[in-house]
Structures are given as structure tokens and as C-alpha cells.
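The first chain written gets the first letter, and so on, giving A, B, C, D and E; residue counts start at 1 in each chain.
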Amino acid sequence: MTDFFQYQNNYLIVVAFLLLGILLPVVALTAGRFLRPNKPTIEKQTTYESGIEPFHDARVRFNVRYYIFALMFVIFDVETVFLYPWAVAYDKLGIFALIEMLIFVVMLLIGLIYAWKKKVLKWS
Amino acid sequence: MSNIPLSVYLVTALALFCIGLFGALTKRNVVIVLICIELMLNAANINFVAFSKYGVNPNITGQVFSLFSISIAAAEVAIGLAILIALYRNRSTVNVDEVNSMKH
Amino acid sequence: MDLETLLSYQWGAMAPEFVILGVATLLSLLDLFMSKDKDRKKLAWVGLGGIIIALIFLLGQLNDPVTIILHETYRLDSFAKAFKLIFLVGGAFVFLIAASYEPKEGLQDRGEFYYLFLTAMLGAMMMASSADLITLYVGLELLSLSSYILVGLRKKNKQSNEAALKYVINGGISTAITLFGMSYIYGLSGSTNLYEISNQLGGLLTGELQYIASIAFLMMFVGLSFKIAAVPFQMWAPDVYQGAPTPVTAFLSVISKTAGFVIILRLFVVTFIQAPGIGGQLPLIVSMQSYLAVIAGVTIIIGNTIALKQHNMKRLFAYSSIAHAGYLIVPFVAFSAFMFESIWFYLIAYLFMNLGAFALLQVMIKQSDSEDVTAFAGLYERSPWLAILMSIFILSLAGIPGTMGFIGKFNIFVGILTARPSHYMLAALMMTGTVISYFYYFKIMQQMFFRRASQVTAIKLPVGITVVVVLCALGTLLFGILPNVAMDFFYESFNFTDFFSQ
Amino acid sequence: MIDSLLQSSPTVWTFGAFFALGAGLLAVVLGFVTYGILAERKVMGFMQARLGPSRVGGKWGLLQTVADVLKLLLKEDSIPKAADKPLFVLAPVLAFAPAFMVLAVMPFTEVFHFADIGIGLLYYIAISGITTVGVVTGGWASNNKYALLGGMRAAAQMISYEIPLVMSVIGVVLFAGTLNLMEIVEAQKNVAFIFLQPIGFVVFFISAVAELNRTPFDLPEAESELVAGFHVEYSGFRWAFFMLAEYVYFFAMSSLITVLFLGGWNPIPFLGFIPGPIWFALKFSAIVFVMIWFRATFPRVRADQLMEFAWKVLLPIALANIFLTAIVKELFF
Amino acid sequence: MSGMLLSMLVFSPLVGIVILAFLPKNNEKLIKIVGFCATLLPLILAFIIYGGFNQAETNSQFVESYRWLAFGDSKDLPIQQLVINYELGITGLSLVLILLTAIVATLASIASIHIKKEWKGYFMLFLLLELGMLGVFASENLLLFFVFFELTLVPMFFLIGKWGYDDKERAAYSFLIFNGIGSAILLIVFAALFAKTGTLNINQLVEIMSFPDKHLANFGISESFRFGIATALLIAFGVKLPIFPLHSWMLRVHVQAPPAIVMIHSGILLKIGAYGLIRLGIGVFPDEFQSMAAVLAVLGVINLLYGAFLALIQSDFKMVLAYSSISHMGIVLIGLGAMNSSGIQGAIFQVISHGLISALLFFLIGVIYERVGTSRIDNLGGLAKVMPITSGFLLAGAMASLGLPGMSGFVSEFMAFLGLFGTMPLIAAIGALGIILTAAYLLRAVLNVTFGKTKTYKNEIRDIQPIEAVPIVVLLGFIIGIGVFPNILSQSLQTTLELIMLGIGG
């Protein structure tokens, strides 16, 4: 039973930390509201654009490269899902796992080379 | 050892699945549709993990399955987004119902 | 697990897969490191070579006993061999078609075009030999993901984009449904090994668990109906067939569909053969028959009737392929003793007639720059031989005797009528569908033979297409007139009882 | 104390206890941030042959940061009209909360630790990723071109360096055979992983610096290029929370490096008489110092160099490192 | 060699197809001559077989059997092995029909001189059609029967759709779809029979179906199953025959198709329906058909009267003939409905004689249309003056058709009604009205055309050419020959008839 308590308590701690992490900004900002002045003017509330009048909406189409990097991240990050359990259990798995993972990582590497050659990794 | 019964997980998963399915079938924005599909897949993952701990015959295979399904889902979404980008370049829309140039 | 266990596996069983994997990797590297201005069509021949080597390996394995390796996740039994044969032969044909594919706006990613076919085939082959939910699912997705990209490969073409998007969305939804069904099966049995599941379900399933099993069954079937383009997941087919590059369409309609049937057979027949259905009297798979019959019937009717008003050839073939999916579900529904051979034979017939038709379709679309039925107008005047070859394929699709399509249908009939109870309704539905299909199949004939051509120049066939078309026509006729060549081969090489042996 | 708490049955009271302990840690962290900033300024002042803060709080300017914080607290907080208000308010919280949450699994000494989760490392990596969302949200919500661009850049950078970061740890996991941070520290009883994993350490360290948006990888906040990056529209205490998050994350990352590579509280051989907490503090301070040192020494890299470095240099090295480690382990252990 | 005589006969048109394939496309004369000669080969073979046929033998003759298609051949499966053989063989009935096919095909190839385009394709399809028809009559196996049956559909579709008149494509479709439905039903029936009995050999089926009910139940064959199959067969062949509500396609075909093809269609293809009803229907399911005798007879009378009435009001000569075909097929049904020896003999006679007569009449109308450019009765008239010989032949044909004694039509009608009067006198009496109507509509049409008011024709009209006269003379010869000496037919048919009578217990 204690094992299970420990298991639950561990996540209770996580929840406590989450609460703290949220509470601190909330409390601090609420407290600050009583201390700080609040005199909004139109100039103050204008978006900053290096001194000129802001034009257009800021939410323009931005470079597709950002998306492509996001895609690459998703692929590579998720593939590590396989690497972690493998690394943890490596002692028990032995050479077979090594060879399997070698194939896996070589495939991953080919993916990287592919992206490289297709100039996806180029910025600008 | 458990004080959260299996059925709670199952109902959660089923609810998630239904929300996902509903969203996937009704939403217009492709990104949201993809997210809804993700939701459905993760509902299945919850099932796998729950069964692997509390099922009739608890074993690790369910978790392994969910690992595979997570990574495959990622690949699927990546492809979905890539295709969406290609479509957006040509059509400037991400709405499903505007994608209909092939009605006989 | 050390080196000895590693070496104790009979890796030879996986030789065809390894060859395909190797060639796919090789092609991708070649594509990356080839200089930009080199013609990448050569890669197609490399790929073709790989498929042929894999085919040789497979033929070498024909008489091997059942081989089970990798902790019983991979099994090489007759079922796997029989269907891998279809994949590889079909793949070779698709490569020949793809080698001469020249879309109007050009194809930027020709390298990807070729090796994604191989990865998709690898997925299909994995499914054929897999005995585990996980590997089945991975194989299914490998196939799906590759084909999503293939469909959208004409990046500059709006229709291709749209098709790919629809394919991804529909595919994603159906995959999720399948996976959810699988999760229940795992929950009920506590295992992902199909044979283990079968034993578990056979022993333990009682009371409300039977309902869950039935729901899981239906969910998986509904999800997998996407791959075979059957109701309720048939909506994508017309758009995707239209938008995808023609070789990809051919691939989807033949290999992808075959793969769908492979996973359906493997998954449902093994898993649910022992499981009791609701109430516990009948096996689950039998108690589900009425639902499946509805799916089959609606698929046949929808496919055939909507095809009637299509003018775009690719859409027309999409609906025709939906209808054929319906025909192919029928033996599974009836669960007859000849289920495997009927489906196998019909799929081979479908391979020949559909790939042949698509090969010619690609040529005609290129010729007239239109996908309309009228592209075929006056083909008989222009190139009589092409018209005759096309008629052979169409007659076979329509199920006219003398062709393989007829024998395939007859096989199905005999199968479902020998089953107990006999399924007269399904037979009648199938025949109704077939008669309706005459309308649109003969519409093409009408164009080819009765209409005048807008141009009179003869049509030149690229080598690859010629080979495909001639081989397909020969196959369609030979196995149509002498079906026992194929059936004897089947019975001599394969013994489907080992499908169930553990 | 924590161990006994962990083993008791979970009730509201234990939760209260955890909450109180967490608050204590929060106080410590805030103290660190206060004096970390001061230390940074002092060290940089020293390196650049100037004094740094020296007015408020005596000769060493001990109260300088406190004064800064108070000033921020009293400053007017303006939200641009064009901003997406709910997201604008949410963003600092989203950035800060995960930075603090990751500390829940950090073992400082054998006794002084909080949650002892089996997958602590994975938890750390997963939670820390959320910060990126906060940054992008802030940039997006501001509805300012600089902010948006800064936010996107920050996100791109963070996700790019996340991958070598994640992969370089695998070497450590291979040796330790666990994802539990406490067990990882215990596995370093004899030799710290920095010696077994030099390549992994270097990759991890570089990625960590980039993850923290610190020089030489501080492009998202590069004032000379993007005004002030994603938080250009933030002012007052809201802005302070972005800064706070950054430094809390700094704290967490330095602790993590200490735990993963420097052996945590384990003493250096023959110096076992010095207690664990001090060892931890020493190692931790060394890391902090090196990072500050970096800031004073290195020029900022260019945007394209930054991204390509992660994908073309660090990632292949990290992948190679995994294999090197696995083979070394297969052969020698 | 003689063991494969029947196969040689069935596939002999292939020789012509292959030769034609290598001929130049535009050499009209050569193609037509080769096309004609190609039809002689089956004709000769058919006569050889006729010569070798043993009239006294009851079993099928010239039997061939090869393993063709097998199911469930797996070594370990405990499934009964289902084998379909390639089986050919003929009985008296099929022999007569094969002869008819060979003769009409040869004559139709002569009639094909009027074809104006793409002769090569035409003759190739024509020969393919002949192959199919010969195969249908020579098959002893139902699947093989079906294969050949369907094989006639495709060439017919093209022959109508490409070489027909104005509304040809619709006619072609309508032909295809109606016959498609018919064959669809047939296929289900065959598959069901195969699934239950494990064989598709006609003779074996006859044997199995004559088992006592209890034994049949072991096969899973219930009474209702047999009854269902019999009904399905009636519908399937009823489309082909055609029986009244299912006839509309046939009118279109008769009006739109080229004359040579109509000769074949009305002369032979329709007879497949009758052949199927007799051989597979009454032959295999005698009891079921006996219980449907009244239905058959009523349908026959309806066909007879309906066809006759409508023929009376048609303004197009082709339509008159088309309805007359429906009417005459009614007589076949009447004969079958009688379910006695003379009735069935009458039906069979009618099958043959109508084959000859309608071929003759359609050939003649084709000749007229060729010259005048119309077949409307209003626009024709006084042909006796411009085309005296043709008109004479036309008159003779009409006489044969309305059953003038001394011609084949008389024999068959007489026997059919004789049979029906024996079993259902009332229905027969109503039916007899049809005979009078037949005379009325035929005389109206023919007399109007030949002796009616002379119309002015644009072109100069030539009378019939000698080459065209050949088919007419041959056909008339047979018609009169059968009329005068019915025995030349009944001799060959005797054994078949006896077998059928044995089945229905008459």
C-alpha cells in the first residue's frame, strides 16, 4: 500500500507545484493592481512599431519555414519515444536491440539527410 | 491496489473519442479536424494504457502499442499538415468545405 | 536476447520484405545524391528490379512450411505468400505504369514518387505476414501514410492537393476508429497476438463482454472499410482517384484495396473465429453477418448506381472499384469454405483488369488532356488494338464470360451458395449490381467503338505500358478461359489450413 | 521528512504539507533569482572591468534586484488595444508555471527532494516544452509584428534545440538504466557521467544554453534585431514574469545538468567529508557561473547559423553519441 | 480426331476470325467472300455430325469432357470437391438447332452484302456470334452453356450498335440490359444448382432431380427450392423468348439492327430461350413445369393474341414482323403448356420453322429496305410491279408464316394446338383466335406492300439479284420440305421427345 501511496503522493506534489506556479503570478499580479497606477491613454495602448503608426494586422502570413521546422520537430521528437524505453531497458535487451536501434536510427538519419538535401534545414 | 476503477478510464476515453469524432466530422477548419483526429487516437491510447494496467490480463503490451500509435499519429499529423500547407499555397484556404473543386 | 537467439531466427522468411526495404532505402539515397539534372526515370527500373528480386525470393519460399519468427509477430504462411504474390505482381505493374507517367505540369519529386510506392508495398506485405495487432497496425499505417503523400505528390495541382487532404482526413478518422476497436480487443484479451487473442476470446467471453466484442468488431470493420473503399468510408474514393496521379490511382485501387482485404481477413478471421457472439450460440463472426451483409449490399448498390452518372473516367473507375469492394466483401460475409480462394482469385482478376485499364487510361488522358469519357471516343478507329485490349478489361470488369472477372464472380457465387445458410439475397444483389454496371462499362465501349474520333493519329504506347497492358490482357483471358491454371496453382502451392495453426 | 510524508496516505493534510514545502522551495528559487541576477551583473561587471550594481544595499548592491522588483511592481501595466486580452494575460502564466513545475522532480540532495517519479527525466522534458507555448502565445497575443516574429523565432529555436537536448540525454539513460533522476544520481556514485558522456555533455550543455535563450543563442530577445522579442508589448509585472520564468528555468536547467552529468550531491573522491548539499551547491554554482561567463564572452550567432547548427551539427552528433554509448556499453560493461 | 468433332464445330468460326484479322481493312469484296466462306466451315462440320448422328441412341452423342474448373481441391480440407468440366454433347434437339444455326448463319452472311462499313469488324463479330450460338446448343454443362450464352451478347451489342439504323445505340443497350438481367438470373440459378448438387452436367442434373424427394432433401434441395429455380428459369428464358411483359427490347432490336443480324436474332437467338425452356426447364424440372403448365399456356395465348393484335395496327413492316415473332413464340409456349407429346413436338417444330420463316421474311424486308430506303407500309405499295420476284417470295413467306398447309408453319401450329386442346381446351380455343388474326395482319401488310397503290419511287428499283435469291430459295426449300415431310425433323427429335415425355410422365 505504501508503494501506491508514494505513487499518488508524488503526483500530488506535482499538482501542488502546478498550483503554486499558477498562484504566484495570479497573486502577484492581483496584488500589483492595488499598487500600480492605471491611467490608460490611446498612445499608451497603441502597438509599438518603432515609432511609426502601426499598419495592418500583425497576424500576417509568415514564412512557411516555421511550419516546416515544427513538422520536423514533431517527427524527430516523437521518434525519441522509442529511444527512451530502449535506453532504459538496454541492459536486458542486449545486442539484438542494439542492431534494431541501429537500423531505426539509420532510417532517422536518412530522414535527416533527406531534409538536409532538400534544403529544409536552411534558414533565410 | 487500485481505487480508480477501470470503467472511469474507459468512459473518459469513450467521451474523448466521441468528442473527437464529432469534431472531425463537423468542423470546417482542417487544423481543428486534425486535432480532433489526434483526440480520437489518444482516446484509444488511454484505453490501451488503462487496459495494460487494469485489464483482465495486465501486461506491458498495451503501453507498447500506445507508444507505436503515438508516433504513428505524429507522422500522420505531420503529413496532414504538410498537405495542408501545399493546399494553402494553391488555394489560400484551410476550410474543408471550400475544398470541393471535384464535384462531378 | 543475445546473438544466438538472433541468429536462430529464420530471417530468410523475411527476405522479400528486406529486399523491398533495401531497395526503397537505396532509391531514396540515390535520389538524394544524384545530380539534379539527371533523369530520375531510371530509378523506376531500379525499383522494378527490386520488386522482381523480391518476387523471386517469394516464389522460392512457396513450398516452405509455416515459419513463425520474432516472438510470433511475424508468420509466413500460405495466406501471407498468396497475398504477397498479388502485392508484388501488382507492384511490378504499377512501377511499369509509373515509369512512363508524365503529368502535364511535370513531376518534381519523381524520386519520392518511386520509393514511396515501395514503402507502401512494404506496409502491405507486413500486414500480410503479421500476426500481431501492433505490427498489423504499423503495416496499415505505413501503407496509408505513404499513399497519402503519393496522392498529393502533384504539389502544384489543386485537385491533387484536395485529394490528398481528403484522403488524410478520412484516413485519419478511420484509423482512429480502427485503433479504438483494437484497444477494446486488447482489453478483452490482454494480448496483441492474434492467436492468443483468439484463444482468450474463445474462452472468456461472457455476458456483456460479448457486446463489447461485437462493438469492437464493428468499429474495426468500419474503420478498415476505408482501405477497401466500402461503405461507410467510400466517400474519399472518387475525389482521391480523380486527384491522384494515375499510377497512384491504380495502386490505390488494386494494391491498397488488396491490403485492406488482407488485414480484414487476418484480423477478423483469426481473432473472432472462436469468440462467441451475442447470446453465445453462434460464433461472433457469424452473428455479425447481417450487418456485414448490409454493408456489402449498400456498397454494391451505391458504387454501381452513382457510377452511372460519372463522366470523368477516374471517378467512374472509383465508383466501379467501390462496387468491386462490395463484391469482394460478399464471400467474407458468407464466410464460406471457399472464402480465401474466391477472394484471392477475384483480387488477381481485379489486379489484371484494373491495372490494364488504368495503364490505358493514363495513355488516353495524356493523349487528349482530358479525363472525360470522351477521351476514348473513336479509339477503335485510331488504334484498333488498344480498343480491343481496353474492351477485354472492361468486359472482365463487367463480368462477361471468357474473362477472369466472370470466373471470379462465379467463384464467389458458388462460395456463398454452398455456405450454410445460402445467401441468395447477396447473390441477387451482386447480380443486380453487375447488370447495372453494364450501363457504365458499355458507355466506354460505346465511346470507343461507336463514336468518331476527334483526332485520327494512332496512339503510341510507351514500352512499360505495352508490357503491362499485354500481360494484363493475357492474364485476364488465360485465367478466364482456363481458370484452373490459377486454381490448381493455388491449391498446389498454398494450404490455407495453416492459417489457423499456431 | 519528505520520505515519510510520501509514504503516508494521501490526504488534504499531506497535500497542505507538500504545498507548504513547495512554497518554501519557491521562496528559495525566488531568492536564487534575486541574487542570480545580481551575481550575473556583478560577474559580468568584473569581467568587463567595471563595478556592476553598487549603490542599493551597500557596497555590493545587495538590494539592487529587490529594488528592481519593487519598481516593476509599481509600474503601470498597459495592455495594447489590439492585443488578444485573455491570451495576453495567460501567456506569462503559461511561461512561468512549467518552469516552476519541473522543479517538482529535481533531487537536490538525498534527503531534500520532492516527487520521486520513475520517469522524472521524461517529466522534466515534457513539462519544460510547455514554456514554448507560453512564449508563442505572448508573441501572438500582442498583435505586434516584432513580438510575433520574436515569438515564432523563439519557438523555432526552442523546438530545434529540444531535439539534440533530448537525444543527448539518452547516453546518460543508457548508463543509468533508468529515467528516475534520483537513481541517475546514485548511478554516479563512482564516476560522474560527464566523464563517461563527454560528447553528450557538450551537446546537452550547448542545447541547454539555447533552450534558455541565453547568449550566444539569445536571438529571440535580441534587442538590436527585434526590439525586445516576443515580450515587447509587456510591461510592469507581466514582463517580470517572463524574466522570472527565464531565470527559474535557468535554475532548473543548471540543477538538471548537475544531476545528470555532475553527479548531483555525490562528492568528488576523497572529499566525502563535505556534505552532499554543499557539493550540489558547488556544482550548481559552477554551471551557473559558466553560463554567465558565456554571456560575457561569446558574440551572438546569426539566425541561420543558429538553426542550422542545431540540425546539422548537434543532432547528428547526438545520434552518433547514442551509438557510441551503446557500443561502449556493450563492449566494456 | 472424331472425338473432338463437336469442339471443332463450335470453334470453327475462329478460323475465319483469325484469317479476317490479317486481311487488309479496306478490301470490301475479299472480306465479304472470306466472311461467307468462313460460315461454310461450320456448315460442313454440322452436316458431317448430322451424318454421324445415331438417331436411335437416347444418350448424348459426340460427348467430350475435360476438367475445366475445380473448387476446394485442397488436400486437407474436408470439402466435397466441386468440379465443372468442359462438356460438349448433342441430342436430337440440339443437333437440329445446330443445323439451323449453321444454315441461317451462312445465309445471313450472304445477306450481309448490304453492310456498308467496316466489314472486317462486322464479320469478325458475326463469326464470334456464330461461335456463341453453336456453343450454346452443343454445351452439356450449364456453366459452359452460360459462357456461350453470354458470348452472344457482346457481339450482338456491337453488331446492333454499330451497324444498325438510326436509333441503334438505344436498341443495343436495351438488348444488353434485358438479356443481362436474364443471364444474371440464369447465373444465380446455375450457381445455386451447382452449390447444391455439385455438378452442372445437364444429364447428371436430370438424373439427380429425378431422385425421390427424401433423397433430394439430403442435398439441401427442397421442393420450394426446385420451384424457385424453375420459376427463375422461366423468367430468364422468358426474356430471351420473349414472353409478353418482357418483350420491349426485342422490338427495338428487330427494327434497328441490320437485316442480316435480325435474321440471326429472330432465327436463332430467340430460339435459345425456347431451347433453354425445353432442355433445362422441362428437361430437368419436369414436375415443376408440369405444375406451371397452365401458366405457360396462358402466357402463350397472351403472347399470341397480344402480338397479333399489335401487329395488325403497325405501320412499319419491320414492326409487323417483330410482333409476329412475339405472336409465334406464343405458339411455342402453348405447345409447351400442353405438356403432352404432340404439344411439345409442336413447340419444337415451331422453334425450327419460325427460325426459318422469320429469317426469310427479315431477309426479304432487308432487301426491300435496301432498295427503297423505307420499310413503312404507307410508303411502300405496288412492289409487285417493280419487284415482281421479290414480291412473290414475300407472299410465299407470309403464307408460310400464317401456317398454310404444306408449309412448316402449319405442322407446328397444328400440333401445338392439338396438344393443348387435349389438356386445356378452353384456353386453346381462345388461342385459336390468334391464328385468324395472324392471317389478317400478315395479309394486310403483305398485300398492301405488293399490290397496294403504286408509289412513286425516287430511284430506279432493281429486282432481286441472283446471289440474294440463294438464301430465299434455300429457306423456302426447307420450309416446304418440313411442311411436306415433317418426318425429316421428327426422326431426329424422336429420342429427345421420348426423354422429355419420360420426365413429365406423359
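For this structure, a couple of remarks:
In this section, a residue touches a chain if its C-beta (ideal position, glycine included) is under 8 Å from a C-beta of that chain, and two chains touch if they have at least 3 such contacts.
What you are looking at is a predicted structure, and each value in this text was computed from that prediction instead of being measured.
Common neighbours of chain B and chain D, by the contact definition above: A. Chain grouping by touching, computed with chain C excluded: A, B, D | E.
Touch-path distance (fewest steps) from chain A to chain C is 1.
Between B-C and C-E, more C-beta contact pairs join the chains of B-C. Comparing mean CA positions across the assembly, the chain most remote from chain B is E.
Placing every chain at the mean of its C-alpha atoms, the farthest one from chain A is found to be E. With centres taken as mean CA coordinates, the chain nearest to the overall protein centre is C. Each chain gets a centre from the mean of its Cα atoms; for chain A and chain E, those two points are 81 Å apart. Between chain C and chain E the centroid-to-centroid distance comes to 43 Å (mean Cα coordinates, whole Å). Once the centre of each chain is set as its mean CA position, chain D and chain E turn out to be 94 Å apart. Mean C-alpha position of chain A lies 20 Å from that of chain B.
In chain B, the residues touching two or more other chains are 75, 82. Taken residue by residue, chain C touches two or more other chains at no position, since every residue touches fewer. A complete list of chain pairs in contact reads A-B, A-C, A-D, B-C, C-E. Contact residues on chain C toward chain E in their complex (touch as defined above): 337-338, 341, 380, 384, 395, 400-402, 406-407, 409-411, 413-415, 417-418, 420, 422, 424, 427-428, 431-432, 434-435, 438-439, 442, 445-446, 449-450, 482-484, 487-488, 491, 495-497.
Residues of chain C touching chain B in their complex: 133-134, 137-138, 141, 144-145, 148-149, 152, 155-159, 161-166, 168-169, 171-173, 175-177, 179-180, 182-184, 186-192, 200, 204, 238-239, 242-243, 309-312, 315. By the touch criterion given at the top, residues 67-77, 79, 82, 121, 143, 146-148, 150-151, 153-154, 157-158, 161-162, 169, 173, 176-177, 180-181, 184-185, 187-188, 191-192, 194-196, 220 of chain E touch chain C in their complex. Only residues 5-10, 14-15, 18-19, 21-23, 26, 73-83, 92-93, 96-101, 103-105, 114-117, 122-123, 140, 142-149, 152, 155-156, 159-160, 162-163, 166-167, 170, 173-174, 177-179, 227, 232-233, 236-238, 241, 303-304, 306-308, 311-312, 315-316, 319, 322-323, 326-327, 329-330 of chain D touch chain A when the two sit together in their complex. Residue ranges of chain C in contact with chain A, taken from their complex: 1-3, 5-6, 25, 28-29, 32-33.
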